[in-house]
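Heads up: the structure comes next, in C-alpha cells.
First chain written, first letter: the chains are A, B and C, and each begins at residue 1.
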Amino acid sequence: MNKKMIEVKNLCKDYHIVKKEEGLKGAVKGLFKSEKKTIEAVRHLDFTVDKGEIVGFIGPNGAGKSTTIKMMSGILTPSSGEILINGVDITKHRKEVVQNIGVVFGQRTQLNWDLRLGESFELLRHIYQIDRNEYEETLDVMDEILDIRKIIDKPVRQMSLGQRVKGDLVAAMLHSPDVLFLDEPTIGLDVSSKYALRKFIKEINKVKQTTVILTTHDLGDIEELCERLIIINHGKMMEDGNLVDIVDRIAPYKTLVVQYYDHENIPVHHSCEMIKTEGNMAWYRFMKADITAAALISELSEKKKILDVSIEEAGIDDIIRIAYGQ
Amino acid sequence: MKLKGLSKYLYVYKTQIIRCFTYKFEVYGNILMQSIIMITSAFFWRALYRTGNPVAGVDVEGMLTYIIISAMMSVLLITNVERRIENSVQKGTIAMDMMKPLNIFGIYLVEDLGSITALVFQNLLPIFLVGSLLVKVPTICSTEHIPLFAISMLMSFFINWLIAALFGMWSFTAVNVDALIQVKKHLIRLLSGSIIPMWFFPDWFRNILEALPFVYIYQLPLDIYIGKSSGDELAGMMMIQFVWLIILLIAFAYVARRATKKVLVQGG
Amino acid sequence: MFGKFLKELWHYIDVTICNIKMALMMIIEYPANLAGWMISNPIQFILGFATIKFVVEQFGEINGWNYGQLAFLYGLSVISHALSMIFFVQGWFMGWFVIEGDFDRYLTRPLGVMYQFFFTNINIFGITDLIPGICVFIYGCVKSGFEWSILKAIAIIVMLIGATLIRGGIYIMLGTTSFFTKSPMDFGQYTQEIVDKTTMYPISMYPESMQFVLTYLIPIGWVSFYPVSGLLGIGDSSYFGTSAAFMTLLVGLIVMLVAGAFFRLGLKGYESAGN
C-alpha cells in the first residue's frame, strides 16, 4: 500500500543576513550602517515520500539539505510552501505532528550530558506519554539491535561518540514515530558503529515500517540504505528517484578493464572509448545501449589475446560529482 | 610572516577590538541599559538628599558626580580573564595555550585591554554624554587632582585585573568556579564603593573595608575625583593602594608559576 | 473540551515533576556547585540589606518608610527574585540558545516551546536566594510590627506569584529580542541592577514621570511597592489595601500574556544554527 507520509509542496526558505565588512574600519562602519542580504536557501521543492521509504538527501555543504530537513521536522518555518506529515501541516499543528516524528542530529545530542542515559529516556517517556509496558517493549526491540541496555546506566558524558549516537537514535525512536529524520547520523563514527547504525535503520524500517529521511555525505550510507535519492544543490532539486535509475540516467556507461599479455599494440574499438592505458592494462568506457560487455570482450579478444577482464560500474561518487557539477 | 613579540600582542589587541565591534545590537543595548541605570541612580540619590544638607560631608552635587564617574570607571574595570582561564581549563586546552610562544596571561591582559579600548568608544563616551546632558557635567574638584586620579585609576585597574585573574586560577584546583566568580563580582559590587560609597557605612565596617583591597578599586579614585579626601589622608590611602598592588602582583606571580608548573607536569 | 484541558495540564505537571527530579540529580552529581551558590547568593543579599540599614541610618526615613518597613519590602522583593531565578532565569541567556540553535530540540517535542525552555533548565540553585529573602522578611515582619491574618497571608502568596510572573515576563521579553537581533546579549546584570533599585526601595521616592513608567509601562512597581504599601498601609498608595496584592497577580498575568505573544512572534523568525 502506498500511503503518502510526507508531502512537500512548493517549499521555499529565505534567510536574511547582515553583510559584515572586513577589518577595524569595516567593524566600526557596521555600527552605523549595515547592508542586508537575502539568501535563498531552498527554492521551490516539491516531492512526496510514501510510508516505509528510506530517502537519502544528498548535496554539497550549504546546498539546503539541512534547511529542508529542519523545515520538515518543524524547527524552521518555511518562507512559503507547505509540508504535510501524514496529511497534517507541520507549520500549523507543530505539537500534534511532532508526536509522530523522531529527529537525530549527528553533531548534537538531546541527551542530558550529566546524567545516566536512562534518565534522559525516562524524561522522554513522560514527554511523549509512553506507558511503561510499551516503553519496556520498545527498549527490548532496541536492545536486540543495538545492545542499548548495556549502556543505559552510563552517564552520557562518559560515552564514546558511537555509544552516544546509539543513545540518541533510541531516544528518537522511543515513542515509535512514523517518520525518522536523521541529519548526518554517521558523521565521525568508526566502522563498527556505522555498521550497527545502518543495521538499526534498516531493521526499524522493516519491522516498524518507519519512514526514514536522512542527509549524509557518506557513500556507504547511500549504498546500503537509500532506495531513493533526492539530490539538492543551490536549494534546488537536481535529481529525485531510484538510485539505479539515477545512475542509468546520469552515468549510463560502464568501464571495461582489460589486461593483455603484453603492452604492445593495444587495440581500440569503434563503439567504445579508450580512456586510458597503463602497461598491459586498458580502460574502455562503453554505453550500455551501444554494446554489451560480452560482445565487447569477444571482439577485443579477437584483436589481441586477453589475460583478464573486470567491469567497473559508475560509482556513486561519480554520480554525485556529476550531479553537483550541473 | 614572523612577528616579534610585541607586534604579536598588538595583533591580539587589534583582533579583540574588531571582535567587540561585531555585535551592533550589544553596543546600543549596553548604552541604553547603562543610561537607564545611571538615571535611576541619580533619581535615587536626589530623593535621599531631598533636605539639601550634605551627608557625611558630601552634598548632592558631589554624589551625582560620583555615580557618573563610577559608571564610566566600570567600563574600564571590565575583565574577562577569569572566564578565559576557566574555559581554557575546562576544555583542556590550557596546556597547549601555555606552550605557545606568548605568555598566556599576557594574551588575556591584552585581550581585556582591547575590549576596553573598544568600550571606551562604545560605552564610556556615550555614558559621559548622557550623564552630562541628563544628570550633570561631572567636573573634577580641582585640576591638581587630575594626575592623582590618573595614577590611582591605573593602579585600580591592575588591582581589579589581578583579583580577577587570581579568582580565575581557582579553576586549576578542579572546583567549578562559576559560583566563585559570582562571589567576587558581588564583593566588588558592594564592598568597593561602586554603588554605595563606603562613607555611609558605620566606622567599624569602614575600618574593615579599608583593610581589604576592594575599596581601592572604586572608592579611592572616586574620592580623589570629587575631592572627598586630600592631603595626608589621601597620600596614606594611595600608599595602601600601592601596597595592595604589590601584594596582589606577588600573589599572582606565585600562583601563576605554580599553576603553570602543575599543568606542564601533568601535560594537561 | 474541559477533559482535554485537564489531560493536557496533567501532562505538563507530570513532565515538570520529572524535570525537577532530574535537576535534583544534577545537584547530587555536582555538590561543589551547590556549595558555591550557597555562599555567593546569601552574601549578595545580606550585603545589600546591610546597605539599606546604613543608608537609613544616614538619611533617616525614606519617603515615610522606616527601617522595619524597608526590611519587609526588601525581604518580599528578594523572595520573588529568588522564585523568578528558579523558574525564569533562562530568559537571561535566551540569546545563547538562539545563536547555538538550542531551540531545535524543543521544537521537535510535543510540548510548548516556552515551557520546555524554562522547565528543562529549571534552576534549583535559585533556592539559595530564597533563604536570605525569607530571613530578611521575617526580620522585617518583626521590626515593622506586621499583624498577620489569614487574608494577609493569602495576599502575600498571591502577590509573590504575581511578582514572579512580572519579573519572568520582563526576562522573557528582553531575551526574546535576541530572535530579532541574533545577538547573545545577556541583560541579566543590568536588569538586576535596575530591578533592585526599583523593588527594594519605595518607588514613591522617584519623580512622577518615572513612577508613571514603573506603574503602567514597565510595571515593576507592582512587584513589591504597591502591594507592600497596601499591606503595611503606607503613603498614598495604601488605599488599595490588601487588594493591591491581587492587582499584582493580574498585572503579572497580563505581562506574561504579552511576553508569551512576543516570544511566539520571535520564535517564528528562529533560524536554528549552522546555516
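Following the convention adopted for this analysis, contacts are C-beta pairs under 8 Å (C-beta built on N, C-alpha and C of every residue); 3 or more make two chains touch, one makes a residue touch a chain.
As the structure is a computational prediction, the values presented were derived from the model and not from experiment.
Taking A-C and A-B together, the pair of chains sharing more C-beta contacts is A-C.
Among the chains, the centre nearest to the mean of all shown protein C-alpha atoms is found for C. Chain C has its Cα centroid 29 Å from the Cα centroid of chain B. Separating the centre of chain A from that of chain C, both taken as means of CA atoms, is a distance of 46 Å.
The centroid of the Cα atoms in chain A and the matching centroid in chain B are 52 Å apart. Residue numbers of chain C whose C-beta contacts span two or more other chains: 30. Taken residue by residue, chain A touches two or more other chains at no position, since every residue touches fewer. Residue numbers of chain B whose C-beta contacts span two or more other chains: 24. Across the complex, chain B is touched by residues 20, 23-24, 27-28, 30-31, 34 of chain A. Only residues 30, 32-33, 35-37, 39-41, 43-44, 47-48, 50-51, 54-55, 57-59, 62-63, 177, 181, 183-185, 187, 190, 193-194, 197-198, 201, 205-207, 210 of chain C touch chain B when the two sit together in their complex.
By the touch rule above, chain B contacts chain A in their complex via residues 14, 17-18, 21-22, 24, 27.
Touching chain C in their complex are the following residues of chain B: 23-26, 29, 33-34, 36-37, 40-41, 43-44, 47-49, 55-56, 175-180, 182-183, 186-187, 190-191, 195-196, 200-202, 205. Listed in rising order, the residues of chain A touching chain C in the complex are 15, 41, 62, 66-67, 70, 73-77, 94-96, 98-99, 101, 103, 105, 108, 110, 112, 114-115, 119, 122-123, 126-129.
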